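Structures incoming, each one as C-alpha cells.
Common to both upcoming complexes is subunit A, partnered first by subunit B, then by subunit C.
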Partner chain A sequence: MKVKNRRMMTAPLAALLFLLVFPLFVSNDYYLHLMILALMWVMIGSAWNLLAGYTGQVSFGDAAFFGTGAYTAGLLVNHLGWSPWWGIPLGGVTAALLGLPFGWICFRLRGAYFALATLALNEIMRHIATIWESLTDGMVGIMILQTFYAPIDSPIGELSSKTPYYYIILFMAVFSVSTVIWVMNSKLGYYFLSIREDQDAAESLGINTHYYKMISLGIAAALTGLAGGFYMNYMGFIDPETVFSLHDISIMAILVGIVGGVGSVYGPAVGAFIMVMMQEAFRTGGFGLLDAFAEYTGSQFVATSASLITGAHVLGFGVLVVLVIRYMPNGVVGDWSRLMKFILGRFQRQV
Partner chain B sequence: MRKLVTLLFMGFILAGSLALTSEQARAADPIKVGILLPITGKHAKFGEIEKLSFEMAVAEINKKGGVNGRLIKLIIEDTTGKPDVGRSAAEKLISQDKVVMLGGGYSSSVTAATAGVAINKGFPFLVNTGSADIITQPTAHTPSGKKAAKLKKSLKKEKDKAKIAKIKKEIAAFQARADKEVERILPRFSIFRLNPPVSEYASGLEGFLAEVVKPKTVAILHENSLFGTKGAASFEKSAKRLGIKVLLKEGYDAGAVDFKPLLAKVKSKNPDLVYMVSYILDASLLMNQSMELKMNPKLFAGAAAGFTLPEFKENAGKASEKVVSATLWHQSLPLPGAKEYFDKFRKKYNRDTEYHGAEAYSAAYVIADVLKRAKSHKAKDIRTALAQTDMMTVFGPVKFVSYKQMINQNKLETYVVQWIDGKLRMIWPKNLSKTHYVYPVDWLKERK
Partner chain C sequence: MDLFLQTLVSGFLKGGLYALIGMGMTLIMGVMGIINLAHGQIMMVGMYITYSLFALYGVDPYLSLFVSMPAIFVLGVTIQKYLLNPLLRAETILPENQVLMTVGVGMVLTEVMRFIFTSDYKSARTSYSNATFFLGEISFSVPLVIDLFIAIMMTVALFLFLVKTDTGKSIRATAQDKEAASLMGINAERITYITFGLGSALVAAAGTLLMPIFYLFPDIGGPFTRKAFVICVLGGLGSTVGAIFGGITLGLAEAFGATYVAMEFEDMIGLVMFILVLLFLPGGFKRITKI
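Presenting the complex of A and B:
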C-alpha cells in the first residue's frame, strides 16, 4: 500500500494546490456551493471506501451515520443552545457510538447479509428521527441559522459567505483522505486487506476479524458523522427524509466509491467530483450551456432538444452511471490507464 | 497527446466564447426571474401545473409590452422535490443566471431549505405554494427562541422554587440569544408569501363541518412531511375547537403503496369524519383503497394539495366522487379574472387547472407589478417594492402583513370544494357558492 514512487504523489498534490487557491479566483457562490458538496462527498466516499473497498464489508446504510452526525449538530443547537460547530466533532463521536455496537452485533453476518443489516439500520434511524417528535421535531426538521453571512446587499458574486465553509470542508476532506492513507499504511491496513481477501484465512492466521471489522466500521462511521455535522452547519435545514435518505445518501455514497474506484485511495475523491458535477450538469443542461447554445443558434430544434435533455436528467444520469459501471468496473481511477489508452488509441488511429 | 490537448483546449475556448457572446447579447434585454419548481420527482404534477401557469402569465405580460418596456424572462429550475437540490438550484439562479428575484417554491420542506439561501443573501423570494407556517416566521429560524418558548411551557408545571429559578435563568439566556439572532436575521428576511399558511387551510372547512356535517369523531391521516405533519396538527386544534374527538392521528410514509392496514384501523374505530393531508398519489390511493374496504363514514375530507388536482379524479376514478376538500381558490369565486384564467388555461393546454395554477399565475402578475414599481432591480429595492405590494389578482387581494409571528404574509380566506359528477365544485361558504353541497352521502351506494 505504501506510496512508493514520487509520481503517484504529484497528481494529488497538484489537485490539492488547485483546490487551495480555487476560491481566490472563483467567487461565484454557485460554483463554490458545488465544490463544497463535492468535498463533502469526498469525505463520505472515502469513509465508505475504507469499509467496503478495503475491508470488503459493503455498506448500504451510510446515511445512518451521516444523519446521526447531522442530527447531533442540530439537536445540540435546539436543546442545549450550543454552537452547531460542536456538532462536527461530536457528530463523529455519536456516529461511531452508533456504528460500534451495530458492528458488534451485525459483523457476525457476512456478505450480502451484512449489507442488508446496514440497510435496515438506515431505515431504523430514519423512522426514529421521524417518530420521536419530542426530541427531533419529526418531519418538521431542524432549521438553524448559518454562521457566515455576506454583508447584506453586497453585490452578488463579490463577497461570498461560502469561502469559510469551503476551507473548513476542504480541511475535513483532506483529513479523511489522509486518515485513510494513514490507516492503510499502518498494520491495521494489512488486517483490513486480509479480511477482504479471505476472512477465514485471516482468522486462521490469528487475526481477530470481528474486532478489526468493527474498527474499520468505527472509523468509517466517524468520518461520515463528521460530514453530517458539517451538512447541518452548512445547509441550515435538515429533516429525516433528507439526511437519512437511502437513495440520496446511502446509494450516492456507493456510487461515488464505484465510479471513482473501489479500493483505491483517491478513487472516491475523484468519484465525488464526477458524481456531483455530472448530476448538476445533467440537471441544468450542461450548466446552462445547452440553453445558451440554443439561444446562440436561434434554432427551435436545439431549444427543444435542450429542454428535452434537461427534462430527462435523472434518466441520463442513470444511464451514464450504468455505462461507467459496465465498462469501467474498477472505476475511473482504477481503470485510468485503460481509459487513457482507449481515448489516445482512438485518437492516434484517426490521425 | 499534444494534439489531443490542443484540441481539447480549443473546444473549451469555443464553448467559453459561445457562453460569453450569449451573455452579452442577453444583458441588454429581458429581466430574468428565477422560478423554483419540482419538474421531476414525486411532486412533478404540481410543478407542471404551476409551470404552465407561470409561462401563460408571463406570455400575456410580455405581449402587453412587459415591464417598463422590458420583457420578463423566466428561468425555471427543477428542484426535483428535494431540499438540497432546491438549494443548489437557488444558488445557481442567484449567482450564475443573475436573476433579479426568486419565485415559485413548492412543498414546504424544499421551500424552507431554499429560503435559507435567500435569507443569507437578503435576496427577494416570493413564495407561492410552500405553506408551512415557519417559512415566514423569522423566530422559527432561530432555535433559541423555540427553546425559550418550550421552557416557558415547562415552567408552568414546575413547583420546586429552586428549579423555577434555574429554569427562569435558562429562559433569560435563551431569550437573549434569540433576540440577537432575530436582530441579525430581520434586516435580511426577504421571504414573502402569497398563499395562506397551512395552519389556515382548514379554516373554511371548519365552517362547513360546524354547520352542516356536525361530526362527533374524526380520524386524521397525514403524510410524514413538513406539510402533512403541520396540516394534521393544526386540524387537531380545529377539532378541539369544534368539540370533535380525535380517535386517531397517524402519519404514513410518502409513496406508500398499501394503505389498507392503516385504513382498516380507521374503519374499526368508525369515525364520523376521515380527514387526510396528502399529496397527489397518496390521495388517490387512499380513496381507492377506502372504496375497496367499503368504508362508510359521514364524510371524507382532504386538506387541499392532492385532493384538488385534476389528476386526483383521473387516478381515483369514482372513488373521488363526492369527496370534499379544503381549497384556497376556485374559478367560480367572484374575483376579477378568475373565470377567464380558468378558461384560458383550458383553451391553451386542454386540461383543467386549480388553486396551485392560480397561485402561480397570480405570482407572475405580482412579480411583474413589483418589478414595475421597484426603483432599481437591486435586491434592496425589490424587497421594498414587495413589502409595498397592494394589488388584486385572480387568486385574491395581495398585501403582505404581519400576524401570528409571521411577517410578509398574505392573508386570504379559504374555501371548500366537492367533487360532484367528476367536476370540482365550490360548495362553501354558502353565499359565494353557486353549487349546493351534496350531503349526506352514502359512500357505498356512490361507489358501486
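Presenting the complex of A and C:
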C-alpha cells in the first residue's frame, strides 16, 4: 500500500486543497450540509475498509460503533452536563471499548459467521438503546443544543453556521485517511494483509491473528465512534432508529466501501462522495433539475416521471447498488482502468 | 401451570413456521455457502402475492399456496441465475460480494412492493382468522394449527425429495462438495438455481401460511431475515434437520421470553441466543444431531 510515486499524491492533494477552500466560495447551507455528510462517510468508510478491505473481516454492524459514539456524546450532555464536544474523543473510546471485547469473543468466528455476529451486535445495541429508557430515553431520542447555529461574521464576509462543522469533520476525515495510510505502511499493515490473504498461513508464520484482528477492529471502531460523536454534535438529535440503523448506517458503510473500492486507501473517500451525492440526487429528483426541466418544457410526461423518481428514490438507490455490485465488483477506484477503457473505448469508436 | 403450557403450545406452533423459514435459508446456505440476506424480503413478496389474490379475487390464503410458491420459485431462480451466479466469475478481493448482492436485492424487493402497495398495513382477514379451540384450559389458534400441519407435510415432502429423487440427491451432493459433484456429472450451476428457487418457495410458503393471522407491510422482511439466520445458526448452517430444531427452539424461546421476561425483549432473545450459540455451540445443533 505504499504510495509509490508522486503522481499518486497529486490527485488526493488537489482534492484536499479544493475541500479546504470550498466553504469560502460556497456559503449555501444545503451544499455545505451534503459535503459534511460526505466527509463523515469518508471517515466511516475508511474505518470499515481497514477492517474489511485490508484485514478481510467484513462487518455488517458498523452502526453499533457509530451509535455508541453518538450516544456517548448525547448522554454526557443529558446526564453529566458536559459539553457535547467531549463526546467526540470519548465516543471513539467507548466504541473501541465495545469493539475490543466483542472482537475478543467473536474473532474466533470466521468469514460469514463473523459478519453475522456483527449484524447481531448491531441489532442488540439498537434494542438496548430502545429498551433502556431510564438511560437513553428510548424511542424519544436525545436532543441537544448545537454550538453553532447563527451565521458567523468573518473578515471575508458572513459565513454559514455550518462552516465550523465543515472544518472539524474535514480535519477528522483527513485524520482517518491518514491513520489508515499510516497503519497500512507500518508493520501492522502487512500483518493485516496476510490475515486477509490466508489466515492459516499467517498463523503458521507466527502472527497472532486473533490479536491483530482485534487491533484492526479497535481502530475501525474508534474511528467510527468519533464519527458518531460528531454526528450528535452536528445534527443535535439522535434516536435508536437513526444511529443504530442497519440500512442507513451499516449497509451504507459497506456500500461506500464497495462503490469506492475495497482495499484501496482512497476508495472509500471517493465512494462516500459518490454515495451521498447519488442518494441526494435520487431523493431530490436530480437536485431539482428534473422539476425545473419539466417546468421549462411544460411537458406533463417529464413532470410525472420526475415525481415518480423522487417518490421511489430508495428503489433507484437499491437498483444502483445491485448494478454496481454486478458490474463493478471492485468499485470505482479498483476498477478505474476498466472503467476508463470502457468509456474511452466508446469514445474512440464514435470518433 | 396453565400459563406455562399455554406458552409452550404457542411457542411450538410458531416454531413450526420458523422451521419452514429456516429450512429455506439453510438449503441455500448449504449449497451456495452464502447467507441470503434477502430471505425475509422474498417471503414478504410471497405474502403480497397471497394478499393480492385475497383482496382482488377472494382466494383463500391457503389455496394461494399453489400460486405463491411457484411464482416465488421463479423469482428465486431468476435472482440466482442473473444476479448471484455471475458474481462468482468476477475477480474481487472480498468473497462476500454475493451476500452484499442479496442485501441490494432485498432493498429493491422492499421498495418495489412499497411502490405498488404503499407502506400501509394490509391483512387478509378470513372467517377463521380468530378461531380457537380448547383442549382443557389451553387454547389453540385454528389457523396456527393448520399452519403447523401444512408445515409438517411440507417438511416431509422436502425430505422425501432430498433423499429419494435424483435432483434431491444432486443438491445434497453439491452441498457436500461442489467440485466433486461437478466431476460426477452434476450440473452444479443448475443445482444452484433449483436450490435458490426451492429455498425461496419454502419461505414463500411460510409467508402465505402466516397471512391469515399476521399483518403485512413492506418492511416486514428485515426482521424475518434476522430470525431466519438465527434459526440457521442455531441449527447449524446447512443442516436441514437442524433448522427444524432451530425453528422450534426460537419459537419457544420467544414465547417464554415474552411471557416471563417482558414483551419488549421478544426480538432481542433470538439475537442473544444467537451470540451464545456461536460462542458455546459453534456449529449449532448439527453438532449433536450429526445430520
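As a working rule, the second predicted complex is superposed on the first by the 342 of 351 C-alpha atoms of A that agree within 3 Å, B and C clash if a C-alpha of one lies under 4 Å from a C-alpha of the other, contacts with A are read in each partner's own complex, and residues count from 1 in each chain.
Following the convention adopted for this analysis, a contact is a pair of C-beta atoms (placed from the backbone, for glycine too) under 8 Å apart; a residue touches a chain by one contact, two chains touch by 3 or more.
None of these values were measured; they are calculated from a predicted model.
Of the two partner chains, subunit C is the only one that A:C106 touches; subunit B does not reach it. Of the two partner chains, neither subunit B nor subunit C is touched by A:F342.
Of the two partner chains, subunit C is the only one that A:L116 touches; subunit B does not reach it. In the superposed pair of complexes, A:Y211 makes contact with neither subunit B nor subunit C. Touch criterion not met for A:W132: it reaches neither subunit B nor subunit C.
By the document's definition of touching, both partners, subunit B and subunit C, reach A:V314. Using the contact criterion defined above for the overlaid structures, shared-chain residue A:Y296 touches subunit B, although it does not reach subunit C. When both complexes are overlaid on chain A, the residue A:I124 reaches subunit C alone and has no touch with subunit B.
In the superposition on chain A, A:A52 makes contact with subunit C only, while subunit B stays out of contact range.
Put simply, subunit A uses residues 130, 311, 314 to touch subunit B in one complex and subunit C in the other. Listed in rising order, the residues of subunit C touching subunit A in the complex are 33-35, 83, 86-87, 90-97, 99-101, 103-105, 107-108, 110-112, 114-115, 222, 226, 229-230, 233, 237, 264-265, 267-268, 271-272, 274-275, 278-279, 282. Considering their complex, residues 1, 3-4, 15, 18-19, 21-23, 25-26, 39-40, 77-78, 80, 82-85, 87-89, 91-92, 94-98, 109, 112-113, 116, 120-123, 132, 134, 140-144, 146-147, 173-174, 177, 181, 184-185, 187-188, 224-226, 228-230, 251, 254, 378-380 of subunit B touch subunit A.
Those residues of subunit A lying in contact with subunit B across their complex are 28-31, 33-34, 37, 77-79, 81, 130, 138-146, 149-150, 152-153, 156-157, 161, 235-237, 239, 241-242, 248, 280, 283-284, 287-289, 292-293, 295-296, 310-311, 313-314, 343-344, 347, 351.
Residues 52-53, 56, 58, 105-106, 108-109, 111-113, 115-117, 119-121, 123-124, 127-128, 130-131, 196, 246-247, 251, 254-255, 258, 262-263, 311-312, 314-315, 317-319, 321-322, 325-326, 329-330, 334 of subunit A are the ones touching subunit C in the complex.
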